[in-house]
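Starting off with a structure, shown below.
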Amino acid sequence: MPDRLSLEGLRILAGAKELVRDVDLQLEAGEILALVGASGSGKTLSARAILGLPGPRPGVVAAQLELCVGGQVLRPYQGLTEAVAAGRPGRFWRRAAQAFRPIRGHLVGTMAQDARGALDPLWTVERQVVEALSLGDSSDTPAAVLGRAGFRQPQRVLGLYPHQLSGGMAQRACIALALARGSRFLIADEPTTGLDPTVQEAILVELQRLAGEGIGVLLITHDLRIVPRVADRVQIMDRGRTVETLPATLLSSSSSPEVRSLIDATARVAGGAL
Amino acid sequence: MTPLLAIRGMVKRYRNPGFTGLVGRRSEAAVDGVDLEVQPGESVGLIGESGSGKTTLVRAALGLLDFEQGEVELLGHPLRGLSKGQLRGLRGRCQLMLQSPDASLNPGLSVLEHLLESARLHRPQADAGEVVADFAERVGISHRLAGLPYELSGGEKRRVGIARLLIADPHLTVADEPTAGLDAALKAEITDLLLATRSPERGHLFISHDIPLIAYACQRVAVMYAGRVVEELPVSAIGAVQHHPYTSALLQAAGFAVDCPPALAAAPAGRGLPGCCYLGPCPLALPCCSQQAPELRALADADGPGQHRVACHHVAPGVSP
Amino acid sequence: MLFPILRLLAVFLLTLAGAVLVIQLLLWASPGDPVDLVPNGDEIRAQLEQEWGLDRPLPQRYAQFLGRAVRGDLGTSLTYRPGATVTELILPAAGRSLRLLIPSLLLAMGLGIGLGFATAGRTSFVRRLAQVVSVAPVFLLAFLAVHLLNELAFYGMEAGWFGRPDWFALPDTDSALKTALAIAVLAVGSGALAEVHAAVEDEMVMLRNAPFVDAAVARGAPVWKHVLWNLLPPLATIAYGRAAFFVGGLVIVEKVLHLNGAGSMLWQACRLRDYPVALGITVLAAAAVCGARLLGDLVRIAVDPRLREAAQ
Amino acid sequence: MKATAWLGVGLLLLVGLAGVLTGLLPEAWLPYDVVADVSPDQAGLAPTAGHWLGTDHLGRDVAWRLLLATRAFVGPGLLACLLASVIGVGAGAISGYLGGPASALVRYLSTVTASIPRFVLVLLAIAINGNSTWLIGAVAGLAYSPAVAEAVFGRIDSLKRADFVLAAQAHGLSPARILLYHLLWVNCRRMVGRHALNLFGYLLLLETTLSYIGGFGVMEPQPSWGNMLAFEFGYRTANIWGVWAPAVAIWLTIFCCGLVSEALAERRRA
């Protein structure tokens, strides 16, 4: 049975304000799911919920997350609904670090938008990869891990510090850290923003190669132009709700008004590329 | 018709301090002999990757940076001949919108104070309060007049920048990466606001590495690489003519259907070397490319004579003089 | 790697030379003739003028003083201990003062970091309390502490609990309690604790929201290693930023609690207008502060590669 | 500004007013003669109608001496703040706008003066030039001005580096307006105010420390919060106000300086 990540009924609150309402998200191994929407549509919050990362107070109040990897099934959000019902969410979140430890960096890796910022400025790339490796039991060498992330000469990069890396190299280093311990899923949050066009292209090709190797990629972006070329399926979010989920190639033929307005805005600005 | 902005043969060098500032002082030409014009009623685009000298070219052309060689005519006045006072007088009619507008607002002043200052400076006869209310409404910032810059979002800060620009009512509007980091919906709105001043005697110069945006906003576009303009063409001709290899690579990366061999490894830009600046990554390099830098030569493929010019021995082989 | 260290050494020497120049300027700019300010000045006027180079213009005088200082010769004491060479006088005293200065600097940093970790961004009450207590000048804290101790001892003696403790009416007796009191007062007084705590807390809050810390959490990597490592450069800056205040405070604490170190020697030398000794100690104090800055900068470039590169 | 800050401002104004009045009015006009008011038989009295805070170990009125002691630090404090602000803003603005060697000189001067502990520098200055509170103010002001210069330079330089000055020039503002209004007045006035307040607090600390230890600063019989405290130490008189009044006065004034200074910190995170 192929590796699968399924998140259902996700609900996130900031105080009383509802940021995300019953969002579902299914991701299979080897598939690229694009999560698209304007800024503030809750796409990043939903992705962070998969790793139980800290967010607004009280944050995730309802979620059923199920990770099936190699026959093993994990349900980290077990006990959340009871704790929230009892009015004591703290009771769940205090043990959240243990609940999510087997997932963070082991089964699900992440790539931040500002790749250079996601690396410790005072440590060399090698030291950060060694730290990631030491958390698991894999016997890989740092150079091998970097090689898998698409570096042609890993030796040259090991001794460098984050501020010496170009945009593209920093993104690849983040990919290496995310997959150091054999993660089966990768969350890429706006991986192409701020990069020069040619470098953007290289990173997207990299994501497609990883998907080809059986890794499930969740690609978060507000740039509709890259979706048909890269993603298998696309899920459009608007103001915290999932508007529609459809195969990426059918994106331009979608009927719902929110999708149309997004496509029009992008078409006006993006020229004939869509 | 006198052009709003005419740049001829501009060269601007940056002294690379080299080791300890004494040994190895190399001066790199950030702008290496560029000709560019903006005619009234025209919107011109300037694209190229970061570090190609786009920003330096524009700041030097507006007299904010000095440059070693070349001539600039701003609204018909030769730049070199102007005194500081005369140049400042011209500023009102040629406005620059900076890449990071949140940096170009005074962190200690509220939005209202920013707009009032522009109104008193550029429209002394009109009542400042009315001007501010009118333009704040027009760019959609009237609900944040009391806010300080750090309380505003990226989009709101850009709106304040545009309001100040519109109050000055410039003949020439220069926008440096006006929509960097914005999402599609905001990008479209900000661009439309900038184009609001479009009229037969006004011109725009847009700088960006976002080609679809330039295609949407401009009629003519120049492509810069390593301090030189390597191609100039009407926007309608994009994808329809044979491009300079670098332009093709840019278009392909931006999703345009262009068949061209992939660029070689991203070699550093060949600045200051004899021959073509794109020699490193160019897949179509010829022997003569390394000796002699190609000139911008017109090609007869686009509509109208001299509309499409390319600096490349392969695409536009020049008849040796 | 060598170039940044050489550059920092050059900064150290340049700053110290500048400090000596300021001190010489102070002497040169005084309206009256410094010699007649010295009690037995008239008899030894010739010796004074030669030793200080009073007859020569400032540049020569400065060069002469600097030349001798580099060789360790800071002149001879006039009135504090006539005839004794200044260096032999002040170095042992400086040793005693260091035994007070180093622990109090460490205590202040320790308290600051501890409080910073405990309250990072949460309650501002502790920050307010630290500010309220810490703002009192060093001498006032010393006075109140000693006053309190004496009142308690007095109360205890009257109630017959214990006999007259040896540290009673503290300043005149020499005891471990007095040294501990001095260290505590110097570490807390004249704003030291408040500043260190506020700086550490701001740094902590910034680091907690830093993207690489969030990314480390997302990777399941331990966060404290990253936070501590990134705290080092700002901590080094805070430490050498406070060094000058600590040396200044040292003079006060030693005088108030009658500890014999370089601080109280400086006070005596100033009272007796013994300029060579006073100048010698001031130069030593400036050297100590410049040394702290050099040490702090060395830690910063060792830890932060961007600073190493900037110093290239 | 928060309510507590206004409380601080109020108290500082009171202290300042007292200092200025007692400093300016000639001795004769003051209803209290510092030297004559000694009456040993009334030593250590608790507060009464005649003596609001009682009397000290020599029978002198504590309340009046507390008031008169303000002239020892308010005058010199204002002098120090004036010197530090004028020199600091001038040097900072010039070097900030010119940049290059001028800014390197300011940074060097600031490092040099910061490397000599200010208390030691003032001590040396008094030892050489004679003991006067105005001199303490002048030396403290001069020694602090490079710090103000570096702070003003830092603020201007960060705004220049963030292209704000370039944007203002491009918009058509004159260099004078950019420097004087936009950079100095809008962005630096609160910062300079904070430095002045911190300096005033430090000056009070300096004067009371010197007077407490004795030999320098304000000598008996002239009153200072420092020497009042020093003389009460030996005598366990019944009047606790002899000790606590100056102690609380010192601590409260310095605390208010810090309070108002913190309230001046802007709400902007540039």
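Each chain gets a letter, A, B, C and D, in the order it is written, and its residues are counted from 1.
By definition in this document, a contact is a pair of C-beta atoms (placed from the backbone, for glycine too) under 8 Å apart; a residue touches a chain by one contact, two chains touch by 3 or more.
As the structure is a computational prediction, the values presented were derived from the model and not from experiment.
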item	value
Maximum centroid distance from chain C, chain identifier (CA atoms)	B
Two chains joined by the most C-beta pairs in contact, as defined above	C-D
Computed distance of Cα centres, chain B from chain A, in Å	35
Centre-to-centre distance between chain D and chain C (centres being mean Cα positions), rounded to whole Å	21
Whole-Å gap between the CA centroids of chain A and chain C	51
Separation of chain A from chain D, taking each centre as the mean of its C-alpha atoms, in whole Å	56
Chain contact topology (line, ring, star, complete or other)	ring
Every chain pair meeting the contact rule	A-B, A-C, B-D, C-D
Contact set on chain A toward chain C in their complex	51, 53-54, 100-101, 103-106, 109-110, 112, 114, 117-123, 131-132, 135, 161, 163-164, 174, 177-178
Residue ranges of chain A in contact with chain B within the complex	38-39, 193-194, 196-201, 222-226, 229, 261-262, 265-266, 268-273
Residue ranges of chain C touching chain A (in the complex, touch as defined)	210-212, 214-221, 225-226, 229-230, 303-306, 309
Chain D-facing residues of chain C, complex	11, 14-16, 18-19, 21-23, 26-27, 30-32, 34, 37, 131-132, 135-140, 143-144, 146-147, 154, 190-191, 194, 244-245, 247-249, 251-252, 255-256, 266-267, 269-271, 273, 275, 278-279, 281-282, 285-286, 289-290, 293
List of chain B residues in touch with chain D within their complex	59, 62, 64, 88, 91-92, 95-96, 98, 100, 103-109, 117-118, 121-122, 148-150, 164, 168
